[in-house]
Amino acid sequence: MADHLQALAIEPRTSDEKTKMLNRLKRVEGQVRGIQKMIDEDRYCIDILVQISAIESALKNVGYSVTERHMKHCVTDAIEKGEGADSIEELMAVLKQFSK
Amino acid sequence: MADHLQALAIEPRTSDEKTKMLNRLKRVEGQVRGIQKMIDEDRYCIDILVQISAIESALKNVGYSVTERHMKHCVTDAIEKGEGADSIEELMAVLKQFSK
Amino acid sequence: MADHLQALAIEPRTSDEKTKMLNRLKRVEGQVRGIQKMIDEDRYCIDILVQISAIESALKNVGYSVTERHMKHCVTDAIEKGEGADSIEELMAVLKQFSK
Amino acid sequence: MADHLQALAIEPRTSDEKTKMLNRLKRVEGQVRGIQKMIDEDRYCIDILVQISAIESALKNVGYSVTERHMKHCVTDAIEKGEGADSIEELMAVLKQFSK
């Protein structure tokens, strides 16, 4: 469905952008492993919940960065090519899912 | 702060409960690595957002399981020992953070 | 389904608690009418979104108050009567819906 | 702050769009009054929470409609006039608040 929109996504991330994003995701990965350790060590539920909530925040922020970049590149390109409506509806569908 | 409540948390997870929880968290860890790969391969932003949203769901469900278990064990014990109010307020503080 | 649990909900809100809660809800009602006026006057979308977000926060806080009171009265009573598991599962089902 | 972006918001809602939006908001207003009645009548907390959750959903949907319209009109205009980045950052700031 999104194939023609995807083809518009012409501007790949710079290696600097990639590195930053990957570092954030590696930190999230480490946090998820940290929770496994907490479960394994019978740590207090509340402390585990606080950690899960921290990961959710971190993931949300990654999601916002991806969304902003998507709007500034893919959606902007689509609008300039007169295909804005499709691109916006595609994004809205994901945002609705995202904030569930 | 929560030390006396934490001391009430007498019932450690069974090894079966632990295994289930750890498996769910290992799957989440794998999904986070999957997103790193998607970033690295310049995959389409929308596909990345869909994956992030799936991880958020999975994490939320882990959080619900931890919360439910916490209520059935720690909060229930606290209530039976007449320390319910503290335990409930401690949980509410985390739930407020959690659903942000 | 929740009839026997509901019957446990023995402690009605004091008139002071009711007044506070009703005042908060009247404020929310006023905010919702405020948005209608903003729509009617063609106000800027972003300003409307900020207002909607403020109402969501206010409603969430009402929800937290109701949840906390529910735990301190209904759930606590249920636990003391040995029906804690049902009451906790009933609450969890709503919390899952709530944070969607 | 957003004055120059706001000035771009040239296309007012049609009277049909307004009517639909106002009807949705009037329904939300009625639901908020419904909760006041439930509080007043000492209805079961869980039933009140279910209703609050229904209002949150309805409000979120209004928010999505406003966001989508904003992207299709204001943001699209801004992009076409070369002011896309500002407009997108303004929207992102609200989205972050919104999904809190």
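Labels for the chains are A, B, C and D, by order of writing; each one numbers its residues from 1.
Everything that follows uses one rule, which is that a contact is a pair of C-beta atoms (placed from the backbone, for glycine too) under 8 Å apart; a residue touches a chain by one contact, two chains touch by 3 or more.
This one's a predicted model, so the numbers in the text were calculated from it and none came from an experiment.
The minimum number of touch steps separating subunit B from subunit D is 2. Centroid to centroid, with C-alpha atoms defining each point, subunit A and subunit B lie 20 Å apart.
Centroids built from CA atoms put subunit C at 23 Å from subunit B. Centroid to centroid, with C-alpha atoms defining each point, subunit A and subunit C lie 30 Å apart. Within subunit C, contacts with two or more other chains are made by residues 60, 67, 91, 98, 100.
Contact topology of the protein chains: cyclic, one closed ring where each chain has exactly two touching partners. Those residues of subunit A lying in contact with subunit B across their complex are 2, 5-6, 9, 12-13, 18, 21-22, 25-26, 28-29, 32-33, 35-36, 39-40, 42, 44-46, 48-50, 52-53, 55-57, 59-60, 62-63, 66-67, 69-70, 73-74, 90-91, 94, 97-98, 100.
For subunit C in complex with subunit B, the touching residues are 60, 64, 67-68, 71-72, 75-76, 79-80, 84-85, 88-89, 91-92, 95-96, 98-99.
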